[in-house]
């Protein structure tokens, strides 16, 4: 009964998040548009240059993840900072179990990230003429990457929101935490781009999944502390 | 008498902005640290690759400006969004002349940008082994670039803050506005990097200054409308 | 409490030990083969500094976890002291490492994965202090920064062990190599072990000083309260 | 709305509670209890620590010293479970501007594991004097008094065993004030109620009283 | 604080003012004036449009129909100059949390072109009942009533010719309420004052009155 009600409460939070974002409309597609403009700036300024054939897979997957990452951070922090700003945080804190809040917000961030990826990745491949051999591998890497990134940034967003409210601090805390993740994600993407075999992405995928797992476990343990202070 | 009091009122706004940022401490150096982490991510992933000698000046100045731009956008939007969030906007609106608010906030953003540049540019040059021939030219380009970028982003920040309040929207609006500016700035930086003569940066500088001028004039005309809605 | 003892003996012993180690590093140990000139002597400082940095972050983790369990502000002071020293020793390791790198690899900074890992580590703990600065309330600062420290530590193994192995690296392997043996001239090995012990002692001395200082501050505030 | 909390009686006691902010002592050695079936009024001038005390009772702020206990049938409730028994309204709390009043309350009801239907929520809002034609509008467009009503509804939707109200009738007109008085009366018999107030009219609700000084 | 506005007398008149939000008419064909030397009380139940009217008078909201005019010596003041004559306090306004009370008021004084000294500001805050030992603390740490006092001080620091107060004594204790009454009395003689209120005690301040209905 505990578990099933945790699920229903998490879904309530997710539902609230979705309606309220859909209603203010801006925030949701803002992230997408930000990534889009960045994409154009990068493609316009760097795209035309002939990068050595050997460096292409790595360089292009690095650029792709840098764009995705910055697109994401500008949006993901909102999820808690918004509550503090609008002074609804105390209301929510007194009404909901910490884990329900965490999973609800995590779900929202995950949806945001997956949406961002499915918008940016095809466009990037087209604009930068980035050919991907193993599409299935890429999809796997992207999906697992989104989970890991959502977990760590949801957690950091919660910490930030309580720290005298500055959205910019979010970046400072996440970027170094996310760099190892970025490195393995870039590895995975590169592997998917160069080889059609699914086996090629397995090592990177293993690292991504274990990072995601470790972050999630730490988050489940730490979030109640952070949330209730 | 009008003009001198406009100056003093703008300085009051600037002073308020500076104390309140210095006091929450984070926000100011947050932008710096954000740029720093970005710098490392970019340098780490892209730095080791040998870019063709011919492409270096352009590619490296493009990357530099993209980093500066990311660092700046994450901080500059705050300047008005903060007022709306904390519900001080109405108080300020009723107490101050629009232009005093505009110039005060512009001054703050300018200081932020100049600080960011003096932190990031030397580090970038060192980390990416980017050699600059015309240091004086570079300094000029950076200074004028900061003015132009501050003017356009202060203006957009004001628009954003009133539009059902989302900081992320800021990025969307600035990027297309900033694209032409970015292009001339990259040109100027490239010119400064390749030639020791100050004359080399003159054409780019002319473009930057006129872009900054146009933006400023438009902002002075438009800001009161946006501010008083 | 130990505060009574004005002049504990062991810091003096530590100073003596460090003086011997410094002397030995330059005059007792031979110049290593495979390194340019006398450059290898920096290993006696570089490696212990890197080791102490890792140790300090482990101490930080333990203190943070203890704070989360017991909610004693002294544990928070311990965590902060350890992180501060960890930051200092990582900076020292980076400086000596990049001096070394200038001699061996020809440039101060090469984007070697080892160098990047340590740069990120520096950023993580710089962020830790940025976070602490941002929170005025004692209890809240303690619990939030402890949480961040735990979260940061979780990614540390990836930084220190996974990332340098994914990429091809210029940096020497760990001391205990894949064959499980130790490849080092025995006098060098002695000095290195001595330096390790000395730097570890140095760390604990500074650490206890810092913690004691924080305790005095906490106690003064408690007195003011009552 | 039938709810597990309706039949439980929870007593909130605090002993030698003190709170310091930096060097300033706001509360010192305060003891007392919020008893089920009684209304405790917390009075005192502005800045005397009324809200701080309520925040400590709610578990939102940790006291610098002393202890708060929730007891039900002679058993202590662990801190992590307090929130399930608790309803709070305070000036520094808000409900969601982008949701309507009914959506807001549906959300808070689901968080508490209740099967709330829109009509029972509508009845609660009407009880607090918010007419049906306003229910479908975003709370962001409400006037100050209307927002206060939604906030109060949020505090009582799960029929809490402990009700903490901080300045409950601020921004309310006379009708609103009467509605709050009726609400407090309804909860007097079945819950432990604490009201922090600056309004002389609200002092009359008290069964017990704590007077804080500056 | 000597200020140009102290000797000016401004009359704010509104004619057939109406305001619609979407399909809802909040104000319809309302006419009247805020006269110098008199206090206009705007009363009415929650949601009747008191705050909306004050926002229209302050020029923060444009009326859907009708017109507001500021007249000084038989001359209309252009809308862009209204703000210089105007002091406003309302529940949806705040002062800066990261600044102290004195810094806040210094800032607002400089914006109005005044040479405010900390001691005259201190005197104003004392008049409103905020003791000197609180002046150096960040407003973010203030209690609800202390914040309200700073907000009121902000509204009157430049001795405005037009003073618009929306629920001026919300969150205030009895001493605070009396301080506001004294403040209103002080401005009665030299400014045009409008007070929107839900508090029966404040109705007594009125020289003129507008009663809004739902």
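We just call them A, B, C, D and E in the order they show up, numbering each chain from 1.
The rule is simple: contacts are C-beta pairs under 8 Å (C-beta built on N, C-alpha and C of every residue); 3 or more make two chains touch, one makes a residue touch a chain.
These figures come from a predicted structure and were not determined experimentally.
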Least hop count linking subunit C to subunit E through chains in contact: 2
Superposition rotation for subunit D onto subunit E, Cα-based, multiple of 5°: 180
Distance from the mean Cα position of subunit E to that of subunit A, given in whole angstrom: 46
Distance from the mean Cα position of subunit C to that of subunit B, given in whole angstrom: 38
Distance between the centres, which are taken as Cα means, of subunit B and subunit A, whole angstrom: 27
Contacts with 2+ other chains: residues of subunit A: 24, 163-164, 166, 169, 172, 175-176, 179, 229
Residues of subunit E whose C-beta touches two or more other chains: 92
For subunit C, residues contacting two or more additional chains: 120, 123, 127, 130, 134, 139
In the complex with subunit E, residue positions of subunit B that touch it: 5, 8-9, 12-13, 15-16, 19-20, 23-24, 86-88, 90-91, 93-97, 100, 224, 228
For the subunit E and subunit B complex, residues of the former touching the latter: 58-60, 80, 83, 86, 88, 90, 92-99, 103, 107-108, 110-113, 138, 151, 154
Complex contact set, residues of subunit E against subunit D: 21, 44-47, 51, 91-92, 129, 134, 141-146, 149, 167, 170-176, 198, 200
Of subunit C, residues touching subunit B in the complex: 109-111, 116, 119-120, 123, 126-127, 130, 133-134
Footprint of subunit A on subunit C - complex, ascending: 68, 120, 123-124, 127, 130-131, 134-136, 139-140, 143-144, 146-148, 150-152, 154-155, 158-159, 162-163, 166
